[in-house]
Amino acid sequence: MHFFSDNATPVCPQVMAAIAAADRADHGYDGDAWSARLDAAFSDLFATPVRAMWVATGTAANSIGLACLCPPYGGIICHEESHIVVDECGAPAFYTHGATLMPLPGQGAKLTPDAIGDRLKTIRPDVHQIPAHAISVTQATEYGLVYTPEEVAAIGRVARDHGLGLHMDGARFANAVAHLGCHPADLTWRAGVDILTFGCVKNGGMVGEALVFFGDQADARAAEAGRWRKRGGHLLSKGRYLAAQILAMLENDLWLKNACAANAAAYALAQSAAARLLHPVQANELFLRLSVSEAAALRGQGFDFYDWGEGAARLVTNWSQDAATIQPLANALRALP
Amino acid sequence: MHFFSDNATPVCPQVMAAIAAADRADHGYDGDAWSARLDAAFSDLFATPVRAMWVATGTAANSIGLACLCPPYGGIICHEESHIVVDECGAPAFYTHGATLMPLPGQGAKLTPDAIGDRLKTIRPDVHQIPAHAISVTQATEYGLVYTPEEVAAIGRVARDHGLGLHMDGARFANAVAHLGCHPADLTWRAGVDILTFGCVKNGGMVGEALVFFGDQADARAAEAGRWRKRGGHLLSKGRYLAAQILAMLENDLWLKNACAANAAAYALAQSAAARLLHPVQANELFLRLSVSEAAALRGQGFDFYDWGEGAARLVTNWSQDAATIQPLANALRALP
Amino acid sequence: MHFFSDNATPVCPQVMAAIAAADRADHGYDGDAWSARLDAAFSDLFATPVRAMWVATGTAANSIGLACLCPPYGGIICHEESHIVVDECGAPAFYTHGATLMPLPGQGAKLTPDAIGDRLKTIRPDVHQIPAHAISVTQATEYGLVYTPEEVAAIGRVARDHGLGLHMDGARFANAVAHLGCHPADLTWRAGVDILTFGCVKNGGMVGEALVFFGDQADARAAEAGRWRKRGGHLLSKGRYLAAQILAMLENDLWLKNACAANAAAYALAQSAAARLLHPVQANELFLRLSVSEAAALRGQGFDFYDWGEGAARLVTNWSQDAATIQPLANALRALP
Amino acid sequence: MHFFSDNATPVCPQVMAAIAAADRADHGYDGDAWSARLDAAFSDLFATPVRAMWVATGTAANSIGLACLCPPYGGIICHEESHIVVDECGAPAFYTHGATLMPLPGQGAKLTPDAIGDRLKTIRPDVHQIPAHAISVTQATEYGLVYTPEEVAAIGRVARDHGLGLHMDGARFANAVAHLGCHPADLTWRAGVDILTFGCVKNGGMVGEALVFFGDQADARAAEAGRWRKRGGHLLSKGRYLAAQILAMLENDLWLKNACAANAAAYALAQSAAARLLHPVQANELFLRLSVSEAAALRGQGFDFYDWGEGAARLVTNWSQDAATIQPLANALRALP
């Protein structure tokens, strides 16, 4: 049983069915019937008019979103362990034509209003220095922690007070909502988020993430994002297959159900290894203290996962699991000496 | 029956089956078993060791390929009606960080060695002018014409003599090979092509085109392309679904069979409207003289296609058709007064 | 006597005196007393409030100006023989992060409203094509012709009607004003010009051209240009020496007097070789039919100039000459068999 | 008496004389007699064949140099307080098309081999992460400290061992050499430096810094740098005035004499305020503990300088001063209660 990443999982059946259902002729690019429904579907989900578009990957979604918020000479405040800093090979700099990531430390890969405020104070308002233009937060974070609506809103106020855009990398947004039990609006536009990367692939999709634009500037930003999408080579010619997947995720709250299952699996594992946890488990990732021999023992029993530095490991649960299916690993963890 | 574009067609059954067969857990990105087989599969196809990788779109493939051949201060000689010039919103400039397309006229959207040579002569070898670094040809061209192996080789010689890279946009490479009946090697590396965009989506795929690197520098260029792919947001996290599609296209020469079917449909239509042809039909596109009323008459009978300026229309056939299935349109064309 | 280029000339005495006068301590970058006077000086010159800044070169001025008018995915309509197309190694693409030059033919390197309008009609308003965002004209043109105020205004109307910015490369703006005898405002903001590259170096300066912003958006564009200037490495640390040169050019209409002298020299040469002229002489450049042996004969008498293709030559007069000083060349031209 | 910055000083007489001497007609851009002498002059200075070119500013020199060492997807290890990080508004990202600065902490703005090595270890060698391609050190540092030849060589070994390029921002290279009394070669190519920004403007120049290329790849890098120089708008049309300034700096070791004078002034001030020093004084910058009232007292006596955070000040001496001329300030510092 693998716990490498939610990337490694198959596609969930409803998404596969949606792909099959979309398998008929329609107009190319985003001129099809499925793509046309995205704005409405996400407006429903977020209980406010939004604009939404598909792109191929989360890296593209993050980068295109940030390019709508930050000019080449601007800076983007983010966590030093965020995906955009450590795992995208500089894609945000590529799409923004050279904007500067401004990484901050922070417990559990979370930004705080204070840390952001302190960083902003160090920037002289002259032409020699790079002015911050945006903040990017990851929900859930790279350590599987969630920002509460209040925490996002506090960052949103810093953003608004300093005229910064607020982007949320929601590769695991579903897991955060599932954990918090809040309305998705409370974590986004009501808290000041301008642009959201709404992750689908880790949550059961095959190809395609949604980029969602909130607020007064949604139309203008979506228009600009449309240009970056095309220039980036992300305007897929058979876009209906992506739109169909995303719509399937939204239908009957599949996105939330899948995330609940993944989270439940993680919670159950956490209970079985409470003393080993390096971070609280609030989504579908566990970071465990695990010696080399313990890791080897688990792998010997058929459980696959990544080491996380020395003496630690990362395990990621996914939509295809739940508290029941991960029982073998839970047992194995409990059985470690 | 639609003849809008080969983009508009569904996915062919074998590709859909391959997607289903790939629907099991494996490593993310391109660490999976399917992606690992691409180099070998394309090396077999081209009868020489090559490097191959998937990207999401032809625009990305073209742009990334060109970025491997041309620095930001360089120029790319191409046809003024080529896709990279008129239909990619500047994607090549994006991926090359500002390289200059150098468009040339030419009958049927074809470049000639003479036209290329004449253009090269106009460039002063000083730092004020943009030196050409690459040539890009489209096979089949935007008007559905094919370059013969000899014609490609003649351009390849110009490229070699001037130290230029040679890129081939093969969105409809399959259709060209199907028409010519030659070995794919004869149209590519044997003729001096360095990098090929091997199109799959128009030929029955869902998502994913292959970028193929030939020759001594294949490894170095593929390594660099891997960086652009990541930075461009094209390293899909479930890449196995793309690799599986591409492998399915290669298996049992599906790519060629699909292209033969599409071409056969086009040839049959061409016979039924020989007097209307604006260009010879050598692949799966027809450009027809068609008055407004004639176009309306055909549309009234359920045939959809795009106008091509005034008094003309473009019809594109596809893998799901053949000489038999397009009979209704052939008849309708013959029946026009 | 050299007629290579107005680049080749020494610095005029008043500019050299201004440099000497600025040779005392002051704040760095553009925090000095001279730089602070630029806005007012150019506002006086143009009889309207403008913003003005120095940059090191005309290439930088053109590129930064265009970057204020055109996004990376946009296009800039210009003449196919303009400096930005053929002599800046792609600098506009560099500063705009990949915008596309859209070169047009036109007699004497002049754009016409009709040619611009026709080009605009070819652009489909979809995301696949590059939308024009700006027009750039050169005054005087690369063939030494001038646009009249009416001609600029006609292009300005096209720009306004299509929502395009209008940039003027005024490397030889002074020569154009000197020829026309009009107010500089008539050739710029009154005719719809948004941003002007006001050339000084060819007209007697050493280092430093002015970038002038007109209209409602002048402040916003100047702020953005300040960023490109810094990022481009053009915020010189002893900027006062550039500002002082530019102010010296404006004082007592030195810029106009220098241009009048250069033009007078050109007119006198034109009279002496009227039958050889390839273009009317309206500024300080002459394009002459001149056989290889004739060119050699002139060079043998100590006159230096560049060939302009086969059987032609370009001669450029400058501020240090006038009708009297070029008499030897005028005589030599008359004396050619 | 101002101690704001060495930027604020006038031009030294020998440089002004060289400008006057260059004030005659010659070929434009870098086709003139002065520019042609740069390679030889710097080869003499560094006792090895080098390539050298002028650019307008240190920011441009740094950025162009780094663009020769680092691709867009690469990283540049540097100090977190270095000029390229905090004072160039992202110019290195502009010229490298998005390379990532990798800032490290370090006492006195100095990098150490250990800190660099530790940082390199954190980079996974996969396509998701940004590989370091270059190291940039500042000589003297932003806190006026110098790297000894041994210290540079130790960093040079790290660079060589990891296949990284080594750039030196030598805005105050002259002050470092003056302090160390070593041969300039010992601080550069003998220690593994590939590219040097050789500062002139702070040391008595008006406009123009030199970019110097060492080693086997000097020619290739200089050719590439020539493209960035042109594209960046730094190929000044009357480049001879820059070349003449730089040559004047080299003649009779003016660069070293000027730096010795500035350093002597700084050392004398340091002696008068030894208890206040925040950093050892090894070049021409002093960082002093100074209360608000003390600072006010000094300013009241006509001494100008910048605050450096709370309770501290930065004073920069320059070529026009020496131990004698700064006596008034030395006395005033001693007289502080």
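Lettered A, B, C and D in written order, each chain numbered from 1.
Here, contacts are C-beta pairs under 8 Å (C-beta built on N, C-alpha and C of every residue); 3 or more make two chains touch, one makes a residue touch a chain.
Remember, it's a predicted structure, so these values are computed and weren't measured experimentally.
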item	value
Repeated interface matching C-D, over half of the contact pairs identical, chosen among B-C, B-D or A-B	A-B
Result of counting contacting C-beta pairs for A-C and A-B, higher pair	A-B
Whole-Å gap between the CA centroids of subunit A and subunit D	42
Averaged-CA centre spacing for the pair subunit B and subunit A, given as whole angstrom	34
Distance between chain centroids, defined by C-alpha means - subunit A, subunit C (Å)	50
Subunit C: positions in contact with at least two other chains	29, 72-73, 88-90, 94, 97-98, 127-128, 227, 230-231, 235
Residues of subunit A touching subunit D in the complex	72-73, 86-90, 93-94, 97-101, 127-130
Subunit C - residues contacting subunit D, complex	2, 4-5, 7-11, 16, 19-20, 23-29, 55-61, 63-64, 88-91, 94-95, 201-202, 206-207, 227, 230-238, 241-242
Residue numbers on subunit C that touch subunit A, as the complex places them	29, 71-73, 97-98, 127-128, 224, 226-231, 235
